[in-house]
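There are structures below to look over.
What follows is a pair of complexes built around chain A, which joins chain B in one and chain C in the other.
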Partner chain A sequence: MLDAQHNEVAGAVAAPAIPRAGRKQSDWIAKAAAKRGMLLSIPAWVMIAPLFFLPLAVSLRLSFYDKSLGLPVEPSFVGFENYRTDVFTSTFAEALFKTLVILVLGLLIQFPLGIAIALALHRRFRGRGIFRTLILLPMLLTPVAVGLMWRFMYNPELGIINWWITQLGLPPVDWLGSPWPAVVAVTLVDSWQATSLVVLMVLAGLSALDTAPTEAARVDGASSWQLFRYITFPALLPILLVTLMLRVIDGFKIFDIIFILTRGGPGTATQSVSLLDYNVAFTFLATSRASAIGVVLVLLTLPLYFLWRKVAKLQEQA
Partner chain B sequence: MRSRIVSLAIMLFLSVTSIIMLFPIFWTISTSIKTRVETFQLPPVYFGFTPTWKNYLALFEDSAFIKVMINTIVVTVGSTLLAITVGSLVAYGLANSQAFPGRRPLEVSLIMMRAMPGVVLVVPLYDILANVGLLGKMPTMIVLYALINLPFAIWIMTPYFQGIPKELQESAVVDGASPTKVFFKIVLPLALPGIAATSLFVGLLAWNEFLIPVVLGGESTKTLPVFISGFVSARELDWGPLAAASSLAIIPIALLTAFMQKRLVSGLTQGAVKG
Partner chain C sequence: MRRHNHVTAVAVTAVAALLLAACSGGGDDAGTATTSPATEDSTATEAAASTCEAVNVFLIPSPSADAIKAMTPAFTEATGINVEFTEVEYGTAHQKALLSISSEQSAFDVVQFDNTFLAAFAKAGALTDISSLAADSAEYDMNDFPASLQNYGDFDGAKYGLMLSTEPFIQWYRGDIYDELNLKPATTWDEYKSNAQAIQASGLADGQMLGFGPNTTWWWMQVLWSFGGALYDADFTPTVNTPEAVAATEYYKSLLEFSPQGALGATGDDVTLQFVGSDIGQMVQYSGYAAGIYDPESSSNAANIRVAPVPAGAVNTVELAGWNIGIPSDAPSPECGWQFLEYMLGKTNAKTLLENGAAAIGRTSIIEDPTLQEKYPYLSLLNIAPDVVVNTYPQIVVWPEFDKVASDNLAKILSGDIPIQEGLDAMQAALEPVMAKEPR
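Then we have the complex of A and B:
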């Protein structure tokens, strides 16, 4: 898909012979381009400075003060008090743990299933286009609506999932009302959406793949599993890493689906870090305490930034 | 013989996963056109009921709901235009010059914006916007949506701009074309397919956005996801209208996907696959 795109562009301009610009001119053009790069990013800075940097700075400052939402009282300095009461606590630790459980459990579902579906869809057969569209759909849907759809199905008395379960002769499950089933329920909904992303990315990787090594190995008598294990999988590794990174980022941010399904409940059973921060800020109206949590969440996402750069470098080498 | 069995097994696997993928969507849409009795009937009614539009009519009879739909469309279109305009300028800059003052800080900010949980930003923004009286205003919503989707827009568009040969631009400059002219006459037309694909995606993200409008929006900026979320807590067991509201959120996306599948796929995977 990607190739076609680029070839089209390249094809359109390859026809007329283009005189190569001399070295001096290139230098001049590079300088002009550098200046242009700076000028072109001004509108972005105009948005980022007041709406991204300023809030982060305000958050950092507030995290050392005592301030409630909407109160016009001058905030008073409290040092690391907010970090003590809201970050180094079992509540925060539980939220972090639950976020990671939902994330890791989800990855274990999404990657094997997503890769399997992509491999199946990569074969040529009639109606492949329809399957591709259908499989793509879940990841594009509004998370709030998705949460609601599943909320109907998870309903303990009236939901269709428990009806199926009891038809099989098994006891009904209070999906959203008991702690661990709720974690599983949230993970399943998130995976229902995210598996599509894995399928999409792996399919793109597969279609960009050089088929010559596979053909050669097949002629030499390699089995399907050997082909996948030693040729296809290593070739897919860069795109799998990109997908993994995207999933880790979005998994760490998980909010909408849980907000609709359980609001973090029952109790704090499905309270992700984002939900915890939200609740402290807008349920308990403790702006400064929420800011302390926010500052720590930013620090926790810093490794993701380094991962991003690594992945980008890896791609350039590929 | 063996390969036929394998093919059959694969088709079976694909069919089962497709049914699982589709069932929640099918179930929501069918609930939205059932009567209350059929909705709660067990064993469940899958097919063969007479569709009713009652649930949709109930929604649209309320003028507040029509306002919600209009708001959702306005903020989606407005923020997409803004994000794409600002984003394509940056993407062109990033694609065109290896180094320029502020390039690294810009890249770092964009990655951080993408990786950080949105709540972290929304908490202090509430305070700041309340202080300057911009909370719950439509223009504020449009700018914030655009900001949040800016990293994504730039990330997808940059490879499209990189795909435009430098020689072409250089020779135009040598021929005496101004940088503005080069951008509008050469670069923009060639990047247009990429910009279109990116717009679809950014529009989709804006349509789905929940955190910003639920926290920083007000009654006059209420969007469909916020409406659905409020509905759930207020009228938990009104499944019919709830399903109808959800269907209104997802049906446009389903149609878009059906008609634009190729565009969407190439757009999303653009940055991820080195062609």
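Then we have the complex of A and C:
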């Protein structure tokens, strides 16, 4: 009796059983919806394909030929020769190394600084709006203008940076004429501009955070550091991951600031992979060789997206 | 399921794109055959030109390009021909121009290019042979050019470009500093160094300025040739680690001691900017920078700057650079293009072109004009003496890559990372595969 009653109650609160015919219908509706979604997205893919997949495909094909704008011969198939002469070389390895150095050093500056500034700007104080605008200004400037401005600032004799250094009693530095100072100089300029993006993203994340846990923790006597470490930072992780992915992809593409500041010099001290690719394509006019480098660059950055998706998924599951 | 369908759609689209690319043609033709101009008879040219309505001109931002644009309204008024300009910055200009011409877009009637790309353009069949047009034109008047400048723009015996600017290396020096220290302009590289030492020791200024940065090969080549060295031999084998090259590089590097801070990273433009903006006793720089050097608004010492020929070494030689301008092989109206060039670069308007701010072209009628010499003191130096060996940038297709490899290796030598002989040996080894690509 009790079992029967129990079953009756259980039946009442449980989800109503879908009859067999109903299950088939809901499956069909779901499939139809999925198909409709796919069909509706095709126009977008048709637009994206020529802008993304087609150039990539053409570039891939070109990388197996010996096309050069300056040579009068019909390009012939050379297989992986361009990869051998332009990718598996010490020049490419050095360019990749320098790209990674600038990227990693930059991230070590941009993220701590960006988070700190965002936390400061998230508080209420007089003039907060003005400071927020000023902090975002570097991001709004074109890289060419930024590079030119900093080039003058780095001038060893006339630049303001060395003036400040000498005021502190230190010897002036030939920022753009020495290999490792040039790497630091490029990193600082890139970080000066990129930190604004980190600030913006973190500010957006902070604005969306639920304040209840923070308030509760504050009532319980948590310190600022504890609040940040156990509540704010974990909550910001998804935003930080997205920002990290964007910055890493940008880092691999770094070109314009280096081009204006040092042209990749002195020598190849600050030559990034993008700049190397530019030189091969536009200076050497070696289109196929440049395509080989470009293909490898795409292969290097593509896994970053999938890595980010995987981490984001793990985040969600956690 | 939904994600699977999306992935399928993406994969299908990607495969379609790949198939599309694979089925496409065998790439652009590398170039078209050079074409003779439609007519070599001046009367016919005039008749054809009278039907011209417009010319399309490809320019690279420069004082010469600005001067051409400034003269265009007068050209249009005189001829009734409208002019459309396309200006592309130096970094991508040559690639864009070559791509346009080799794919026969017929976009331009006139194209400006750096002389360093003459070989690449000519080999690719991108330029019209204008030898007879130039030779037969009374207005252009080839005889108005010194013999040493008449073949600037020639490749393999044919003329593919007119001279748009004549820019030899010359010696620029601060007359006030020289007078105070009782110095004379150097006639040899030893004297140049000696002057630099004296100026540096006096404390009045830095001794000298050359560019040891991304454009270092500009000056290194001048010194190399002066010391009797060469970049490669007749078989296109690099010769950059010979005893002459080592001696030249030792000398070149020794000048760093008398250079201002920043010389190691200075580009070609930086050299001039620093010379005009700070106290530096002397520099070697192309004459094409004259406008900025003499401009009192940008040059704080404009009134004190004097000129002299570039110093000589074992070989009395000068490096000659400058712009060329020609007619693309796919020009829709080559006759109209030639009419435009005749007007802009002809004898009649040569003075106007100069006075509109262009870098001087070494016409005898210009460089020997006393009024112009007074206004532009460097003009007489464009009349290069017959006993001076004129060296232009190497006319090889692979020159841009050669230049980059050489300057990358020079940077390591100049910064002291490696000894000179070792650095030049490394340069030699790096240049050999580059020169192997040069079409024979």
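What we mean here is this: the second predicted complex is superposed on the first by the 249 of 318 C-alpha atoms of A that agree within 3 Å, B and C clash if a C-alpha of one lies under 4 Å from a C-alpha of the other, contacts with A are read in each partner's own complex, and residues count from 1 in each chain.
One rule holds in what follows: a residue touches a chain if its C-beta (ideal position, glycine included) is under 8 Å from a C-beta of that chain, and two chains touch if they have at least 3 such contacts.
Not measured: the values here are computed from a predicted model.
Asks: So, A:30: does it touch chain B (first), chain C (second), both, or neither?
Replies: A:30 sits against chain B and chain C alike.
Asks: Under the stated touch criterion, which partner chain does A:281 make contact with: chain B (first), chain C (second), both, or neither?
Replies: The answer is both, since A:281 touches chain B and chain C.
Asks: Where does A:156 make contact in the superposed view: on chain B (first), on chain C (second), on both, or on neither?
Replies: In the superposed model, A:156 contacts chain C only, not chain B.
Asks: May I ask you to decide whether A:129 touches chain B, chain C, both, or neither, giving the answer as first, second, both or neither?
Replies: first
Asks: So, A:113: does it touch chain B (first), chain C (second), both, or neither?
Replies: The answer is first: A:113 touches chain B but not chain C.
Asks: Among the partners chain B and chain C, which is in contact with a greater number of residues of chain A?
Replies: Partner touching more chain A residues in the overlay: B.
Asks: For A:90, using the defined touch cut-off, is the partner it touches chain B, chain C, both, or neither? Pick first, second, both or neither.
Replies: neither
Asks: Figure out whether A:255 sits in contact with chain B (first) or chain C (second), or with both, or with neither.
Replies: Touch partner of A:255: chain B, not chain C.
Asks: Is A:294 in contact with chain B, with chain C, with both, or with neither (first, second, both, neither)?
Replies: first
Asks: Residues of chain A that sit at the chain B interface in one complex and at the chain C interface in the other, please.
Replies: 30, 34-35, 37-38, 41, 45, 48, 53-54, 56, 58, 62, 69-70, 158, 259, 278, 281-282
Asks: Inside the complex, what are the residues of chain B that reach chain A?
Replies: 7, 10-11, 13-14, 17-18, 20-22, 24-25, 27-28, 31, 40, 42-44, 85-87, 89-90, 92-94, 96-103, 106, 108-109, 111-128, 130, 143-144, 146-147, 150, 154, 160, 163-165, 167-168, 170-171, 173-174, 179, 190, 193-194, 204, 207-208, 210-211, 215, 224-225, 228-229, 232, 239, 242-243, 245-246, 249-250, 253-254, 256-258, 261-262, 264-266, 268-270, 272-275
Asks: Touching chain A in the complex: which residues of chain C?
Replies: Per the stated touch rule, the residues are 1-2, 5-6, 8-10, 13-14, 16-18, 20-22, 24, 26-31, 91-92, 94-95, 98-99, 102, 117, 119-121, 123-125, 212-214, 260-267, 274, 277-278, 397-398, 400-401, 404, 407-412, 414-415, 417, 433, 439.
Asks: Residues of chain A touching chain C in their complex?
Replies: 30-31, 34-35, 37-38, 41-42, 45-46, 48-50, 53-54, 56-58, 60-62, 65, 67-75, 85, 155-158, 172, 174-179, 182, 259, 262-269, 278-279, 281-286
Asks: Which chain A residues qualify as touching chain B in the complex?
Replies: Contacts found on chain A: 1-6, 8-10, 12-13, 18-21, 25-26, 29-30, 32-41, 43-45, 47-48, 51-56, 58-59, 62, 69-70, 113, 116-117, 120-121, 123, 125, 129, 131-138, 140-146, 148-153, 158, 160, 163, 192, 196, 200-201, 203-205, 208, 238-239, 242-243, 249, 252-253, 255-256, 259-260, 273-274, 277-278, 281-282, 287, 290-291, 294, 297-298, 301, 304-305, 308-309, 315-316, 318.
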